[in-house]
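In the two complexes that follow, subunit A is the common piece, with subunit B as its partner first and subunit C second.
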Partner chain A sequence: MTDIAGRIDAANQEALRRIFAGDPVLVDVVPAAEAIPALWERMILHAGPPVDWSRMCGPMRGAVAGIAVFEGWAPDLEAAAQMAGEGAFDFQPNHHFDAVGPMTGMTTISQPVMVVENRAFGNRAFCTINEGLGKVMRFGGNDAEVLDRLRWLRDGFGPAMGKALRSGGGIPLKPLVARGLTMGDEMHQRNVGCTGLMLRALSPAMAASAGDLKELSRALAFIGGNDQFFLNIAMAMGKAIMDPVRGIEASTVVTAMSRNGTDFGIRVSGTGDTWFTAPVEMPEGLYFPGFTEADANPDMGDSTIVETVGLGGFAMGAAPAVAGFVGAGTASEAANFTRAMAEITLAENPEWTIPALDYRGVPSGIDIRLVVETGLAPTINTGIAHREPGIGQVGAGVVRAPLACFRQALKAFAGQMGVA
Partner chain B sequence: MAAQDTASETRKGYSVPSNDRSPVNDLLDMPLRVVNIGLESFADDLTAEGAEVVHVDWAPPAGGDPELAALLAKLGA
Partner chain C sequence: MSAVILNRVRKGLYIDSVALMRFSRSIAGLDGVEEAALMMGTPANLGILKDAGLLDGTGEGASGGDLVVAIRASDAAQAEAALVEAERLLDQPRGSRGEGAVWRPRSLRAAVAQMPDASLALISVPGDFAVAEARKAIRRGLHAMIFSDNVPLAEEVALKREATELGRLVMGPDCGTAIINGVPLAFANRLPQGSVGIIGASGTGIQEVSCLIARLGGGISHAIGVGGRDLGDVVGGISTLAALDMLARDKLTGHVVMISKPPSPEVTARVLARAGAIGKPVTVCFIGAAPMAMPANAEQVFTLKDAALKAVGIGEETTPRKPDIPAIAGRRGIRGLFSGGTLCAEAQAVLLAGRLQVTSNAPIPGALVVGAAEDGHLLLDLGDDAYTRGRPHPMIDPEVRGGPVREAMKDPALAVLLADVVIGHGAHPDPAGGLARAVTGARGRRAPLVIASVTGSDADPQIRSAQVSTLEEAGILVAPSNADAAAWARDAVGS
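Up next is the complex of A and B:
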């Protein structure tokens, strides 16, 4: 082994050690401004690598207009869009502020965010509360129904969930995800098991601290009625696990994959916080009745942090039901997705295992060298938004990360290592 | 090999069977069991003809890009 290869190997072993040592615990729900002190009026955090208004896709623009009305920065959607075009809002990526957000990924000062603390390293990561399926802000929805739900999450549900979490000292997520994998979840497009486990963990404390039984009933029904409730928790968990892996000199491990609906971006441990970007791909999947591929927006969201830690498309073998939902074929084909991702990762997670694959661990530690060498792009399970603002989710599918991101990253990494 | 034993040289240097009944013809008369490497469409065509095919999903490193392949070699991939 050459000196360079040896340095990379040692750095990557350290990256894997940090991934597997992570101890993420869901500890609280607080207003975003409290979690992220750098947030200020008219600042909007979005999914993906940096993007300005002129390059934002339709659903991202719809969400921006909606959140501006929600925060009281604009009187209506039309005025909000005009203000955005005139530069009234400061757009920044969630990833730059210890946060992640699904699809459009709107995070602003008054929204409640769930707090996941990585107790092995002391860092925290944040994500808003999942709104449910269909016409919701993360898919670009922005009408009165969407904004009313956000107000309830801010004023009712969020504080109640935060109070329950604080009273119980938090909910450890690694064992919960391990059980979810045995219940058919992959934590991106299927969160039925983990949502049920979270409801079971949260409801006694929520009941104990409830002042209004009708409100308690509404809150519990909201969790129980949303199969994807756990997704946002899994995302904050992924961010909390991967952030301590950033900045390991000579490591080729991917620390973030993210999309803003226009660009796909990745970050690599050894190249720090630089984004390597390429145009996003179009998901291939299944559409809700009345919608087709012609309605679809390209790939979007910070939710690919789930794949970055070895879940989602990487754990497809654990979730045969989702393979059908996202149009990825049969149960045996689902297993093939996981086996393929093992070709581009450095190890298997010893604690997150898949029964149907003889308890092999989920593929972990994406190595840019292996992606470029094999030409196997990471597989991502994703929801599909309508390409126009204001409509919402129209389907779900599978999409690949663009290889161009990994090729760019490899060249930059090689330059940094003095290899030409 | 039997094929070499029965081959003669043409003016262009290609080996050709010296009789009508080459081992290749014998092979094609038997049920085929094929390992296909690379282009999957070759395997699909054979499968459509009823042949038993194992496809190996292979591509040159870095998709055949010499610059990236050289970098990968230096980076220990």
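Up next is the complex of A and C:
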């Protein structure tokens, strides 16, 4: 009994060591096919644990149809949807290919992906470029405007950003996130500070390598005009940090939380690559004009990887405004979200601290035992997609991870450890 | 009738988007408003407003640094009213809204992280979970006070054995009273610190003895509750023995008082043997027990009052205050209605010592159980499980005693109604008021004499002297202690 507890403690210490030792650096933007050699024609990576077309929610179906047209696999959205129903596409989770994607999380061969390298462990993680707000593919949008923007990201913006990054040797992300936390970002709903810092870091090199000033201006305006530009970088960073934590025998630390709009799934270090899933929950939040909760799709996206590393809902105390989506929206309530997450995590990040909480570190290393014992589910800050395909983002809010995932994981873990 | 769209642009006013979404929600909920939004006038936001049918020529002219208020309402008056309300929200001071949210840890682990020098955990959770929480506490190096009851006996034993190995103290289960380092826990009183340490299996017994010691000029080092079953044969006094050892080591403690029902001979022998070895004077009060052999450093007493007197070094009261007890012609019955179980037991001991016949729902040795005899003075413990099932304890809700009091006040055969009033943390804010109202409301021409005592101190939230005045104003005789109240009742029917 004590022997098992001791083994778990030692394994979790190793997990924490790997989390805190991570050294994520944004190094490149390359076509997905180059980053992920296993990607092939008609293969579509999506957010969350595995899901097939028959169980996909509306916005994910909308995104699938849109990306199929974008890749030239279907002449139009209707044909694309029909092909999907007939099994023409190979659906796989991003997480199985070192990748993550926000909301619907579409990743296909020709899309540009940002590359974050964890220099402490040598692994890389990938994420597509954030498209902006409103009608965008990650929220299920798929009309001509959406597809045109994706083409520009592929042909113009992506290559320019990649070139700039390669010329400068990469941008270390850990110090950048530490500064963002002092500027009111929590890296899920709030990325204003980090987006500004990223723009500051990128623009000299982008200007130096620009061929066309108008194109450069458009690229810089695209970053500066999108408060969430940094989100996808933070996600690739989270994936790059957490992947080396996978597969530590006897560790109860969560290595991924992810949702596909139908199921919520978690992976735990000590139970390897098994997904423990439960139905996703509905966020509580605020809606854009013209929309209500009746329009909302349940929780979706790989973006919960930022909560897995201690940001997002876990760092709510750094971004009091985000707490306004629920409750009274006071700064003290925001701080309490972070304090509550400290109840289910093993340590505080020594480098990512929150000034308003007397420089407490963000709560890191979610322990499935603590989640089950306290009944406190991880808090997740999230965007909200329309439930129908093709419409896009309708709001934003806060949601909980389903406790059932953690109970299942703990049961499986106990079985593996030989505890009845 | 067609809808009216009304926009207003506030130049150069920036407000956070989430705050604006909250405002939007409240404006959209106003009468006659079909849709409303407050947004910064960025191109993307203007697009959203346009798609939502909210944008007019005014809003279209906004730039990214301007705030747009956009309303669509059923008529112009409604739109204008909504606009006024929106501007009011924008201009109201957004200062502090009171105290802010308070943080309370949800687990022992988080509580200990917040208070690293904590040494004790008070556990009050449903009985099925109490032992699990207590285990976590003792394994973290904390002593545990378990307020919860309904803990399986076997689990209590296992827990206390583990605590002994870890050198930790488990108070309870069902421990309602303790004072540790001057801090009253659960049902306890605010008293000066001093040299008397108390170990008690009963809450009200500890309260009465500790309050009397304070009133006699003494003070309490620690009052340690061990739970009602600790001195039973199954547990065998594990926590009592641990508490004796701790008080033996404690520098502040110069005298130890032990309070309990009479344990079995085997447990008595074990506990007295340990008490005899602590090197400090001990006063033993096993209420209802016969005189027994004591170790050299120990002395046996038979009431809580005598325990307090012994503890402060007064062997016997020199000039006990005696009231003028009015003559009660032709009536002989005493009815005791107690909220404290040990106070009921002490009153029985006092009456039995006066050779009166006593009946009780919680009889001590020598008293009869209710139903066994018709005559005999009836002393009831209203905190007994039979009375509190599905109802609050009479210490929390004095109205539980209201019915029996009113009934007694109308009983022509009764000479004396005897009652206790227990105050302090956890108790009702005004128990004397409750008793006084029940007594005065039901007092007839041939009502019994009412005698009571107040267990507590002037430092308690209810203030003992104020509680005494409330009783006296209702014509209730207030004795300085529960034992005195019982003695006065005994004298009244004996006279």
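Following the convention adopted for this analysis, the second predicted complex is superposed on the first by the 415 of 420 C-alpha atoms of A that agree within 3 Å, B and C clash if a C-alpha of one lies under 4 Å from a C-alpha of the other, contacts with A are read in each partner's own complex, and residues count from 1 in each chain.
Operating definition for what follows: contacts are C-beta pairs under 8 Å (C-beta built on N, C-alpha and C of every residue); 3 or more make two chains touch, one makes a residue touch a chain.
Remember, it's a predicted structure, so these values are computed and weren't measured experimentally.
K.L.:
Give one of first, second, both or neither to describe whether A:289 is in contact with subunit B, with subunit C, with both, or with none.
P.N.:
second
K.L.:
Applying the touch criterion given at the start, work out whether A:410 contacts subunit B, subunit C, both or neither, answering first, second, both or neither.
P.N.:
first
K.L.:
Answer with first, second, both or neither: which of subunit B and subunit C does A:252 touch in the superposed model?
P.N.:
first
K.L.:
With both complexes superposed on chain A, which partner does A:330 reach: first (subunit B), second (subunit C), both or neither?
P.N.:
Second partner only, subunit C.
K.L.:
Tell me which partner touches more residues of subunit A in the superposed arrangement, subunit B or subunit C.
P.N.:
C
K.L.:
With both complexes overlaid on chain A, does A:373 touch subunit B (first), subunit C (second), both or neither?
P.N.:
both
K.L.:
Given the touch rule stated above, what does A:9 touch, subunit B (first), subunit C (second), both, or neither?
P.N.:
A:9 contacts subunit B only, not subunit C.
K.L.:
For A:342, using the defined touch cut-off, is the partner it touches subunit B, subunit C, both, or neither? Pick first, second, both or neither.
P.N.:
second
K.L.:
If you lay the two complexes on top of each other, which residues of subunit A touch subunit B in one and subunit C in the other?
P.N.:
Residues 370, 373-374, which sit in both footprints.
K.L.:
Spell out the residues on subunit A that touch subunit B in their complex, using ranges where they run on.
P.N.:
Against subunit B, subunit A makes touches at 1-2, 4-6, 8-9, 252, 369-370, 372-375, 403, 407, 410-411, 413-414, 417, 419.
K.L.:
For subunit B, which residues are in contact with subunit A within the complex?
P.N.:
59, 61-63, 65, 68, 71-72, 74-77
K.L.:
In their complex, what parts of subunit A are in touch with subunit C?
P.N.:
132-134, 225, 286-290, 321-322, 324-325, 328-333, 335-336, 339-340, 342-343, 370, 373-374, 376, 395-396
K.L.:
Under the touch definition given earlier, write down the residues of subunit C that touch subunit A in their complex.
P.N.:
16-19, 21-22, 24-25, 28, 35-37, 39, 42-44, 47-49, 51-54, 70, 97, 100-103, 105-107, 109-110, 113
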